[in-house]
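Read through the structures below before going on.
You will see chain A twice below: alongside chain B first, and alongside chain C after that.
Moving on, here comes the complex of A and B:
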C-alpha cells in the first residue's frame, strides 16, 4: 500500500489552481467553512441544508477518494479505509475511525474540523442545536462506497453525536440508502478539464513579485498537514485542504433554490456568500502576513500598500484560488482585481452553463477584505486578528463597495472585481 | 446626562457611574459617569444590564419571589455593581470602586436612590414593538452582529430594508424573526 506523499499535490502555473492527483483542491480556513455552511442552513433550514451538504460532500469526496485509493494500490477493504482516514487527517479535517462494511456500520470522529472549530469560535457565545459535521458524514459515505465498489448513492451516514454539542466525540451511523430514483451522474470538475480550458492571461501589476512569493508559499504549504489530532492550526486559524466542488455545489444549489422559491431574499444570500469570503480572507491572509512563518520567509510585512497588495494576491494564488492579478490599484481609493481563472466559475459553467449574472461571490468578498487589510489596519504595529478586531471594524457596515464588473460565469474572458470606497 | 443626576452623583466617594434604565426595554433614561469612565458606551451598558434585570425578574417570578425591592450585586476585582429597582419601572445601575465597603455602599446608594426616585417621571413607559425588541436583542447577542440582519432576512423571507426599519414589522413578521433569533442564538425560548 502506498500512502500519498507531497508529490501528489500539484500546482498549475497556467491556472494557479491546485490539485490532489486529478481532483481540484484549495486551502480554506474555519471562518470560511463555518460561515458558508451556516448560510446554507439559514437559507434552506437545517433539515434540507444537511441533505444538501451531505450529498455535496459525498460527491466531492468520492471523486477524490476514487483516485487516491486507486493510486494507493491498497488490496484489502481495511487498507483502503485506512487510506481514506489517513488522507482525511492529512487534509486537516480531524481523526476518523470507520467501522463499516457494505452493509453499514458506524464511525467515530475526534477533533473534526467543523465541530471542533465551531466550538472554539462560537461555543462560548451560542449553543449548537444540530450536529454539524456533514462534510465528515459525506466523506465517510464516499469512503465506504469507494472501498466496497458500491454505487455513488449507496450509503447514508447520519451524525448522531457531535462535539459541537458538547459530546465527548462525534458518532455516525452508516446505513444503506434506499433511493427511489436511479443515480444520475453529474459532470465532474477535474484537473484535465480545468487545465485544458483556454485562458486569456494579461500580466498585471507587480507580477514578478507575486510569482516569487506564491512559489515560496507553495513550497511551505506542501509540508503542511494535520497534526496528531488531524487539525492544521496555523496563522491563527484552522486550515483545511478542501474540495472546491463541495463549496460550489452547496452555494450554487442553494442560490438556485432561493431564486426559484424566495427570490426576494437572493440579495441577502449573495451578501452572506460574499461575507464567507470576506471573513476568510481577512483572518487567513492577515494571519499569514503577520505570522512568524512569513517573517521567516520574507521578513516583517511592509507598510507600503503596493507591497501588501502583492503579498495578498500571491497568498490567493498559493492557496489555489486562481490566477489573481492586479489590474489597477490606487491606495485608499480603488482596487481592480482580475483573474482568468476562478474555482467558482470553473464549476458553475460546467454544471449550470452560462450565468445571467456575475456570481464569483468568494472573489468579491476576498477583494473587499484585501482593501480593508491594506487600508484600515496599521501594519507598522503588531496586529491581533481576533474576533473583537473583526467585529470592531465591521460593526457599522463595510467601508468598501464591491462590484463584479466582468465574470467568467457569464462567458467573459476573465472575472474582474472593482472595490471602491463607499 | 442631566444636571440633576450630576448633582446627586458627582460628590459620592468611590462612585464611578450611575445609569438610570427604563424597563422593560432596557433603554437608557439618564446617566452620570466620572471623568475616568468617559469611554464607556452608556447605551450599551443600559442594554446589557437591563437584560440582566429582566432575566432576574423572570427568574424570581418563577420562584414567586419577585419584589420591587429587588437588588442585584455583582463584585469584580475593580468594581462593585448594584442594580436596584426604582419606581415607575425604572432601574438604577450604580458602579462603585471595589475599595468601597458594602456597608458604606448601601448607605450611599440608599440616599442616592431616594433622590433619584424624586425626579423620575410618572408617565407610563410605552413598550416598543416586538419586532424592534427582537432585532435589538439579536444585534446585541448574535455572534456576528454585522451579518445578522442578512441572516434573519434569509431565514424569514423578510427583506433587509424592512428589517432595518423594524417599526413597520407586523406581529406575524415579528414572530418569525423571534423564531430565527432562537435558531441563531441556540435558545429554546426568548422572553423579551
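Moving on, here comes the complex of A and C:
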C-alpha cells in the first residue's frame, strides 16, 4: 500500500489551480467553511440544507477517493479504508474511524473540522441544534462506496452525535440508501479538464512580485497537513485542504433551488455568497499577513498599497483560487481584478452550461474585501483581525461598488471584477 | 483577561478566531533583550527548537505540552502560542506561566 506523498499535490503555473492527483483542491479556513454552510442552511432550512451538503460532499469526496485509493494500490477493504481516513486527516478535516462494510455499519469522528471549529468559534455563546459534520458524513459514504465498489449513491450516512452539540465525539450510522430513481452521473471537474482548456492570460501589474510571493507560500502550504488529531492550525485559523466542487455544488444548487422556490430571496442569497469572500479575505488573508510566519518569511506587511495588493493577489493564487491578476489599481479609488481561471466558473460551466448572469460570487466578495482592507486599515500598526473589526469594516454600509463586468461563466475569456468607490 | 502586566513583561491576548490561544509578549524592562531570551531558550531543557527553513527570520521553540514561543529577532516580536487542546479555562493560566518562565530564562545567567 502506498500512501500519498508530497508529489500528489501539484500547482499549475498555467491556471494557478491546485490538485491532489486529478482532483482540484483549495485551501479555506473554518470561518469561510462555517459561514458558507450557515448560508446554505439559512437559505434552505436545515432539512434541505443537510441533504444538499451531504450529497455534495459524497460526490466530491468520491472523485477524490477514487483516484487516491487506486493510486495507493491498497488490496484489502481495511487498507483502502485506512487510505481514506489518513487522507481525511492530512487534509485537516479531523480523525475518522469507519467501521462499515457494504451492508452498512457505523463511524466515529474526533476533532472533525466543522464540529470542532464551530464549538471553538460559537460554542461559548450559541447552542447548536443540529449535527453539522455533513462533509464528514458525505466523505464516509463515499469512502464505503469506493472501497467496496458500490454505486455512487449506495450509502447513506447520518450523524447521530456531534461534538458541536457537546457530545464527547461524533457518531455516524452508515446504511444502504434505497433510491427510487437510477443514479445519474454528472460531469466532474478534473485536472485534465481544467488544464486542457485554453486560457487568455494577460500579464497584470506587479506580476513578478506576485509570482515570487505565491511560490513562497506554496512551499509553506506544501508542508501543511493535519496534526495527530487531523487539524491544521495555521495563521490563527483552522485550515482545510478542501474540494471546490463541494463548495460550488452547495452554492449553485442552493441558488437554483431558491430561484425555483423562493426567487424573492435570491438577491439575499447571492449577497451572502459574496460575503463569504469577505469572510475569507478578512480572516485567512488577514491572518496570513499579520502572522509570525509571514513576518518570518517576508518581513512585516508593506504599507505601500501596491505592494499590499500584490501580497493579497499572491495569497489568492497560492490558495488555489485561480490566476488572479491586477488589471488596474488606483489606491483609494479603484481595483480591477481579472482572472482567466476561477474555480467557480470552472464548475458552473461544466455542470450548468453558460450562465445568463455573472456569478463568480466568491471572487466578487474577495475583491471588494481586498480593497476594503487596503484602504480602511492602517498597515503601519499591528492589526487585530477581530470580529468587531470585521463588523466595523463590512457592516457599516456600502463604501464600494463591486461589479463582475466580465465573466467566464457567461462565456467570456476572463472574469473581471471592478471595485470602485461609491 | 486580555492583558497581564508585571514589572518585567507585558502579556497581551491577540484576538484570533480561537479563545486565548495567542499572546503577544513584550519585555517592560529595557535591559531585557530578545538575544538573552534566545540564549536562555537554547540552554533550557524544557524547550526544543523547532527549525523551519522557510522562515529565515523566525525562530520557534516548543515545550512538552506543544505550546510554542515564536521570536523574530529582527523586529523584536515575540508570540506565545498555547496548543489548541488546552482547555479554555487553562489557556490564560498556561500563557501566564509561560510568560513567567520566559522572563526567568531571559534573566538567567
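Keep this in mind: the second predicted complex is superposed on the first by the 420 of 422 C-alpha atoms of A that agree within 3 Å, B and C clash if a C-alpha of one lies under 4 Å from a C-alpha of the other, contacts with A are read in each partner's own complex, and residues count from 1 in each chain.
Convention: a contact is a pair of C-beta atoms (placed from the backbone, for glycine too) under 8 Å apart; a residue touches a chain by one contact, two chains touch by 3 or more.
It should be emphasised that the depicted structure is a prediction, and the values quoted were computed from it without experimental measurement.
Student: Looking at A:391, would you say it contacts chain B, chain C, both, or neither? Reply first, second, both or neither.
Tutor: So A:391 only meets chain B here.
Student: Once chain A of both complexes is superposed, is A:399 in touch with chain B (first), chain C (second), both, or neither?
Tutor: After superposition on chain A, A:399 lies in contact with neither partner.
Student: Identify the partner contact of A:269: answer first if only chain B is touched, second if only chain C is, both if each is, neither if none is.
Tutor: first
Student: Is A:209 touching the first partner chain B, the second partner chain C, both, or neither of them?
Tutor: Neither: A:209 stays clear of chain B and chain C.
Student: Have a look at where A:127 lands relative to chain B and chain C in the superposition and call it first, second, both or neither.
Tutor: first
Student: Looking at chain A, which of its residues have contacts with both chain B and chain C?
Tutor: The overlap between the chain B and chain C interfaces on chain A comprises residues 121.
Student: Along chain A, where are the residues that touch chain C in the complex?
Tutor: Residue list for chain A touching chain C: 29-31, 120-121, 124, 216, 219-220, 223, 229, 231, 233, 236-238, 283, 287, 292-293, 295-297, 299-300, 384-387.
Student: Can you tell me which positions in chain C touch chain A when the two form their complex?
Tutor: Residues 14-19, 22, 54-58, 70, 72, 74-75, 77, 79, 84-85, 88 of chain C touch chain A in their complex.
Student: Which stretch or stretches of chain A touch chain B in the complex?
Tutor: Of all residues in chain A, those touching chain B are 35, 38-39, 42-43, 46, 121-122, 125-129, 258, 262, 264-265, 267-269, 271-272, 275, 279, 391, 394-395, 397.
Student: What residues on chain B touch chain A, complex-wise?
Tutor: Its residues touching chain A are 141-147, 150-151, 153-155, 157, 159-160, 183-187.
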